[in-house]
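Each remark here refers to the structure printed beneath this line.
Chain lettering (A, B and C) follows the sequence in which the chains are written, and residue indices restart at 1 in each chain.
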Amino acid sequence: MIQIQDLYKRFGKVQVLKGVNLDIGRGGIFAILGPNGSGKTTLIKSILGMVVADKGDIKIADKSVLRKFEYRKNIDYLPQIANFPANLTVSELIGMIRNLRAKTSSHEQLIDLFDLTPFLNQKLGNLSGGTRQKVNLVLTFMFDSELIILDEPTTGLDPVSLIRLKQRIEEEKKKGKTILISSHIMSFVEEIADEIVFLLDGKIHFKGTVSDLMKQTGQQNLEYAIANILTDNHA
Amino acid sequence: MLKILKYSFFDLMRSRWSYIYFLFYLALGFVLLFLNNDVSKAVITLMNIIVVLTPLIGTVFGIMYYYNSREFTELLLAQPLKRSTIFLGQYTGLSLSLSLSLVLGLGIPFLMYGILESAAIWNFASLLLTGAFLTFIFVALAYNIALSNENKIKGFGYAVLLWLFLAVIYDGLFLISLIVFEEYPLDKFSLAATVFNPIDLSRILILLKLDISALLGYTGASFKKFFGTGLGMFISFSALMLWVILPAWRIVVKARKKDF
Amino acid sequence: MKIVLKYYTFLFWLMISAISFAQEVEVCNSCTFSSLAEAISEVDKGARIYLKKGIYKEYDVLIDKPVQILAEKGAVLDAQGKGYGLIISADSVRISGITIRNIGKSYTKDFAAIYISRSKHFTVENAVLEKVFFGILVEKSHHGQISNNHISSEGIEEAGSGNGVHMWHSSNVVVEKNELHNLRDGIYFEFVKNSKVINNKSHDNIRYGLHFMFSNQNEYHYNTFTHNGAGVAVMFSKFITMTHNSFKENWGAASYGLLLKEIYDARIEYNRIEQNTVGINAEGSTRISYKNNNFISNGWAVKISGACYTNIFERNNFLYNSFDVSYNSNLNDNSFNNNYWSAYTGYDLDKNGIGDVPHRPVKLFSYVVNRTPETIVLLRSLFVDIINFSEKVSPVFTPDNLMDDSPLMKKIK
C-alpha cells in the first residue's frame, strides 16, 4: 500500500528523518511508535504531503505521490490537534468537508455514534476539546477511503467514545482497509495494532508484530518492551 | 478555490472583528459627514485615513488570520486540494471580506448623504477602489510574512514594521533624499520611488482624481507627461495590479515549499 | 431771448432731419453697390449702409467718414487671408452685425478684422469675427463701445496668433458681453485708461484671458475666464478694480487664475477662483485689497513672491485648496483677517463665530515644495501631515507672524 524509500527531512539544524525505508502492506492496523521528536508526525505528514521531504520517494498504490494532491482523495486523516474555524457550526464544517471531497459519506451514522446531534448548530469555537475531537473523528471516518491515518486519535476522548472509536477502527479493518496510527497510549496500541513500526532517531528501528517485539526484547508488556529498546539504545 | 474562498469569507463575515471594522468605518463616515457637512471635504479627509488605515488593518488582519487558522489550514491540507488553491482561497476570502467592510461601512453613510447626486461620486468611488486595492496588497504582504515566520510575535512585529516603513518612514527618506539631491534632475527618480511604495502609489492615484493632475505637472515635463495624460493613470493602475499579483504569486511559491 | 429760442428750434429740426433723413444705401450683389468699399466711398457723412446677406470678398476696406454699417445676418466680409477687414480712421463710426473672416497673418503687421485708429465715439457690436489674426485692434482711440461680439481664431502658438480685442493708448472704452476664444490674449490693454471690461467670456486662449500692461484706472467685472494659459494678467498697472469675476480651470505647468506683477492700489473683490494651478500669483504687488473672494480647489490659492507690501486679505473663503497660501519672502505687513479656511482645525468655545486659536495658512510642506518642486509627489502623505503638524506647533521655517488671528468658523455665503 505504502512504500517509503530513503526518506530524509531536515528542519533547520535538526535532521528529523535520516533515511526512512518502510513498506506497509494492504490491510491491517499499523502503529507508529517512537519517543518524542523521533519523527512520527513528520513521517505521517510526509505521506500526506504536508511536509515536503528533502530526499526520497513515497509511493501509494505504486504511484509516487510527491507534490501531488489528488491521491489524498483516498486517504482519511485525523490531525493531532482539532482546531477549526471558530465561527463555523459543526454541521457547516461537515458540509464544507463533504463539499470539498465530493464523495459519499456516512456522517449521519457517525454523528449518532458519537452523540453529536445536540452540538450540530453550535459554533466550533464554543465546543469543549473532547467534543471537538469527536467532530474531528466524524470528519475522518465519514468517507470510505482505503487508507486511514490517525494522529493521536485518543486525545481528550471519554471512555465511552474511546470504546466506540476502537470498535469503529476494528470495523474498518474488517473491510480490508489499511490503518496507520500514531499514539502514545501503549495499551491502546497493544490492543488494536497488528504491526508496530518503531521510529528512533529518524530511522525505522523495528518493524513487526507486537509479539515479535516482545520476543525480541524479552518483555511481557509493550510498554516495557519499548522502554527496553530506549534504555538499551541510550545505554 | 472558490469553495475555500467562500468558507473563509463567510467565516470572517461572521467574526466579531469584521463587525468592528465595519462599524468603525460606518461611524467614521457619519462623523466625517456630520463634522464637515460637505461631501467633497469629507472625501479629502477620508483619503488621508484610507491610505494609512486600510494597509494597517489589512496587515494586522492578514497576520492574525493566518496564525489563527493554521490548524484549519492543516485540515484542508489533508484534503485532496492543491496548496495554491487553499492559500489563494483564504487570501482572497480575507481580502474580500475586509474590502466589503470598507465599502459598505463608508458607502452607507455617504449614500445617505447623497453621494450619488454629488460631483464627488467618482472621487469617492476611486477612493473605495484604491482602499480595496490596498487591502488586497497588504493582506498579501502579511501572508508572505506569516508564511516565512513560524513565530507569531516575530511575524506580527515584522508586519507592523513593514506598515510603518511604507506608511511613514519611506516617505521621510524619500523627502530627505529629494531635498539633499535637489540640484539633480529628480522627476524620474521621484516617479520611480512612488511606484515602489503601494501606499504612495494609491495616494497619487487618488490625487490624480481628487486634487489636480496639473498641480503635479507644475514641477516639470516628465511630471506633466506622466500625470497630465491617461498614461499616469494607466501606469499607476498597472503598478498597483503588480503589487497585488507579485505578493500573491509569492504566496503560492512559498506555500508550495512550506512544511506544516 | 427770441433769437435764442429760434436758434434752438433750428437745431432741433436739424437733429430730427439728421435722424430721419440720413442717407441710406444698400449693398448686395444685385444692388447699386455690390461692394462695401465702393458704397463707403460714395456715401455722405452720417449715411447708413445696409449690408445684405452674401459673401463679400474684400479686404482693407477703409472707413474714413462717420457712417453706420448695419449688416444683415449672413453678411460676410471675407478677407481671404490677404490683410485687414475694416480700417476705421474716422469718428462716430458704428459697425453692427457683420461677420468678418479669414484675416491675414503676418509677423510684421498686426492685421485685424476691425482696425480702429485715432477714432472717437466708435461702436462695434454684434459682430462675428472668425479666423482672425487680431480681432479688434484699437489705437489711440477714445470713447468707444465694443459689445456682443464673438471673436475667435485657431491659435496654436503664441507668436503666430493675435489678440481678440487689442487696445493701445486709448481711453474710455467699454468692452461688454463679448465672447473671445482660441486667441493669444482674449483682451489686451496697453496704456489704456478709464475703461471697463464687463460680462465677457474669455476662454481657451493661449496666453491670457485678459491682459493689462501699463494701464491705470480700469475696471473689470462679471467676466468669466476659463481654460486660458492664465486667466488674467495685470502687470505694471495702478488702480485696477476687479470684482465678481470667475477664474476657472486655468490648468497647466505655469497657469494662473490671476497673475499680478508690479501693480499698486488694486481691489480684488467678490471673485470666484476655482480649480486653477495657482489661483492668484502676486509679485511686487502693493496695497491690494483681497476681500470676499472664493478660492476653491486650486493647487495654490494665493502664491506671494517677492516684495508685496500692505496686502489685505479679509473675509475670503479658502476651500479645499492643496495649498492655501504660499510665501517665499517675509510677510511685509500683509494681513489676514476674518477669512474662512476649510483647513482650519481650531474650535470656537465662546461661540462668537470666530475661532479661538489663530490659523496658520502657510504649511511647512508648501515651503519645501517651493524649494524642491519634485517633492509635490508627497502631497497629502502621512509623513507630510506629521511635519506640517510639527511646524504648526512650533514654526521654524515659515514666518511665525503669518496667521489669521480671527478665522471664521463658518463659510461666508
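Basically, a contact is a pair of C-beta atoms (placed from the backbone, for glycine too) under 8 Å apart; a residue touches a chain by one contact, two chains touch by 3 or more.
These numbers were taken from a predicted model, which means no experiment stands behind them.
Q: If you drop chain B from consideration, which chains still connect to each other through contacts?
A: A | C
Q: Farthest chain from chain A, comparing Cα centres?
A: For chain A, the chain whose C-alpha mean is farthest off is C.
Q: Taking all protein C-alpha atoms shown, work out their mean, then name the chain whose own C-alpha mean is nearest to it.
A: Closest chain centre to the overall C-alpha centroid: B.
Q: Centroid from C-alpha atoms only, then distance chain A to chain C, rounded to Å. What do you get?
A: Going by mean C-alpha positions, chain A sits 88 Å from chain C.
Q: Give, as an integer number of Å, the spacing between the C-alpha centres of chain C and chain B.
A: Distance between chain centres, rounded to whole Å: 47 Å.
Q: Please tell me the distance, in whole Å, between the geometric centres of chain A and chain B computed from their C-alpha atoms.
A: Using C-alpha averages as centres, the distance is 42 Å.
Q: Please list all residues of chain B that touch 2 or more other chains.
A: None at all.
Q: In the complex of these two chains, what residues of chain B are touching chain A?
A: Listed in rising order, the residues are 3, 7, 10-12, 14-15, 69-72, 74-83, 256-260.
Q: For chain B, which residues are in contact with chain C within the complex?
A: Counting only chain B, the residues touching chain C are 40-41, 44, 47-48, 51-52, 167-168, 171-172, 174-175, 178-179, 182, 186-187, 189-191, 193-194, 199-200, 203-204, 207, 211-212, 214-220, 223-224.
Q: Which residues of chain A touch chain B once you look at their complex with the stated criterion?
A: 9, 11, 45, 48-52, 67, 69-73, 75, 77, 79, 81-88, 96-97, 99-101, 139
Q: So in the complex, which bits of chain C are touching chain B?
A: Residues in contact with chain B: 251-255, 275, 277, 297, 299, 319-320, 322, 342, 368, 371-386.
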